[in-house]
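Each of the next two complexes has chain A plus one other chain: chain B in the first, chain C in the second.
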Partner chain A sequence: MSDINLTDSTTVLATLTEVIEEIAGPRSVAITREAAFDADLGLDSLTMVEIIVVAEERFDIKIPDSAFAEMTTVGEAVDFITDSVKAAKASA
Partner chain B sequence: MTNSNDAVVVTGIGATTPLGGTAQSSWQRLLAGESGISQLTADWAQDLPVRIAGVAAVDPTTELDRVQARRWDRSQQFAVISAREAWADAGLVDFDQPERLAVAFASGIGGVTTLLSSYDTLNTRGASRISPLAVTMLMPNGPAAAVGLDLGAQAGVHTPVSACASGAEAVSLGLDLIALGRADVVVCGGTEASVHALPIAGFAAMRALSTRNDEPQAASRPYDKGRDGFVLGEGAGALVLERRSHAIARGATIYAEVAGAGVTSDAFHVAAPDPEGLGASRAISIALANAGASASDVVHINAHATSTPVGDVAESAALHRALGSSADSIAVSATKASTGHLLGAAGAVEAVFSVLALKDGIAPPTRNLDSQDDEVHLDVVRVEGRQINGEGIALSTSFGFGGHNVALAFRGDRG
Partner chain C sequence: MNGAKILSIAAQRPARTMSNDELPGKFDIDDAWIQSRTGIATRGVANAEETLVEMSAGAASKAIAEAGVDPATIDLTIVATSSNPITTPGIAPPLTDRLGLKSGAFDIMAACAGFCYSVNVAADSIRAGSARNVLVVGAERITDRMDWNDRNTCYLFGDGAGAAIISATDVDDDGIGPVVWGSDGALADYIAQPMDSPYLQMDGQAVFKWAITELAGFAREACEKAGIEPKDLAAFVPHQANLRIVESVARNLGVGESTVVADDVRYSGNTSAASIPLAISRMKEEGRIQSGDSTLLIGFGSGMTWASQVIRCP
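Showing the complex of A and B:
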């Protein structure tokens, strides 16, 4: 499924932004690294789980619940995903 | 109760059916004697014994915001579309008393396609790929909950489940909720979206479905000698109910009065109808008594008449038992001939048709009735619609597996 060949965080942010808008629709504020999922983007917990399920598939990685629970901003998610994609490529 | 301010009236209607995407477009195609049944051409259907169905005329995802549509099972999509239509039709868009608004929205099977597709996902891709929305999409109360959320209803959201009587039971419940003072406005209806291999295989295994695969538009033929089962359909119907005084106070247009309802159970067999139609007959008698009407007041019957060999005859017997000799001359319409059988939505869609029959003063035609069964002693309207007295009583009957019987009595508005 994954067609993510680049492991830089800019690409990850762009792809994650696509996933968020695909699941939740266009947001009224910009999806930046600093944006908080809940307070800024207005994404409820169920929507976040949905985003994570789709992101796992899009990036071909696993995002454990423990990691998910610590992500409050888009930047934190981007960093976790970038690291996971790099790790997956290294071990491939 | 006639013309009483306490009477419960219909002030809004909505429907999305195999005939059309709205109540009015469905009604017009019904009056024209058209059919909403077609062949299922998708790969998944090709090995089934039955490959025909009444697929909704308008794809619900084209009517909804993309993100909203994704979060709802198809049965929820139909429910919300029909409820929004009824809500707008009633002129209630600015209604500001959500604590007095209730929802009674039925489904026969609920989110069955979500359940089955999620199970496929579980087996092929594992538990981590299950959508977190799977549960809210497959639960039977999902459509009622979706409608309640969409309209902001806070006086209770209910889901009667009684197989093919569900939609009619929701209208009956709506009547009760207003009569008991639990709500001032109720959006009631039914929805179904089960055109899928498993439900088709299940109904086919019961020998309940028509296998006239090569003649889809001739397959649903209630009361005809050549009938061989029902044709599965999908869609939803919705009605807005309120007291006449409430409707008048806000200047609403009244379609008809919900004059009475009768709900009984056969305690006979889980699927077969009581051949004497005792339970069905009692439901009709109770609805009429509840309406303060007699058999001679009935001008139209939208019969359950699914096109099964046994059911249609049993219903004919029940109508005679309840209505006596009046049953010989009442204009009976079997609208499933055009729509197919919408299961838990059928009673609601047919309630919408009954209300429109009174409003327009016309009983719709019954397609495909070429040679009426000798055991059916009813005056069935065929080929063209027939004028009826729009101030009389219209009955709508619905019966479901489990021995559920519901009769609704509508009275043309004279207010």
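Showing the complex of A and C:
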């Protein structure tokens, strides 16, 4: 597992951006916290499933379907991932 | 002990092809949406005369002729299908009668993994000395079980049949690699036809997530057992469920830049147990694969169940 500090939300955003671009290619708009996955970044639900699967592996966390269903923006995903990574580290 | 190899693969597609614009249900989805999510542009829809037996016979006759075997020497017939309209008998016995055979005959019900399961059962039968020539068929009339008004599934499925002749050969000429097969019955409700429903129902998102997470590992294991690296495969033919799954699994598996990846789903839709032989048949017709090419197959579907092996393309 990388020694990058994945409890820092800025780093999480950068890593999640890498995942999005690996799966879906470069986006026509910047991937910011405010960007909506569907409306702004043009990511359909199947692409989102692929992104979540890779994100789980990259961050070594589980993202339940119920949590995934609530994420409409990049910021919501970053916050969930950051909290999950912190929780995993705290219980390690 | 004998070896086993595939001598031929042939297809029988319905006469009618239905485009996305011709789908009978009324929804807020169009051709562009369907193609972006699934890769499907058209699907074959069988008419009343194109029964499972008739389509199977069509594919089988071509496969037998291409293989150059005397039909009387076929000692086993296996039909993989999940759309037999009746409980009993299976499709294989009336198929053998239709072809003028008296071979052993049984059906395999392993959903969309049925063809790969059947190939291995056929190969093992030959290696054990129980048969010398085996007819394997994947045949489906999935549209019989489809709700054309179900927005989740109405554009996904199609009909058709593919057949292969698998024959005994020298051990050092064996052309069917070791199978990797398994199941996860805890996921049985992902794709199912409930007792009280005439229609197939599917949790598409759950199936998609399972497929892109799990399949590359099974496929990689099949390559390892066959002694080939994924990047060195000449062709990759996964069950044609959805082009997005095909592309994701190919990427995760790490196929080579020159590996030809099957995409018959674009034209045929998801034809369940028929999809792999239909896909191989199209690739051969188009000259995208040649006899002798190392070809990785992986079938997967309702159960969930899966089977994968590397074959030498006939």
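A few comments on the model shown:
In the analysis below, the second predicted complex is superposed on the first by the 86 of 92 C-alpha atoms of A that agree within 3 Å, B and C clash if a C-alpha of one lies under 4 Å from a C-alpha of the other, contacts with A are read in each partner's own complex, and residues count from 1 in each chain.
FYI, contacts are C-beta pairs under 8 Å (C-beta built on N, C-alpha and C of every residue); 3 or more make two chains touch, one makes a residue touch a chain.
Not measured: the values here are computed from a predicted model.
Contact with chain C, but none with chain B, is seen for A:44 once the two complexes are overlaid on the shared chain. In the superposition on chain A, A:25 contacts chain B only, with no contact to chain C.
In the superposition on chain A, A:53 makes contact with both chain B and chain C. Once the two complexes are laid over each other on the shared chain, residue contacts for A:64 go to neither chain B nor chain C. Shared contact residues on chain A (touching chain B in one structure, chain C in the other): 46, 49-50, 53.
Looking at the complex, you find that chain A touches chain B at residues 23-25, 46, 49-50, 53, 56-57, 62. Contact residues of chain A toward chain C in the complex are 44-46, 49-50, 52-53. For chain C in complex with chain A, the residues that touch the partner chain are 36-37, 205, 208-209, 212-213, 244, 248.
Residues 65-67, 70, 128-133 of chain B are the ones that touch chain A when the two sit in their complex.
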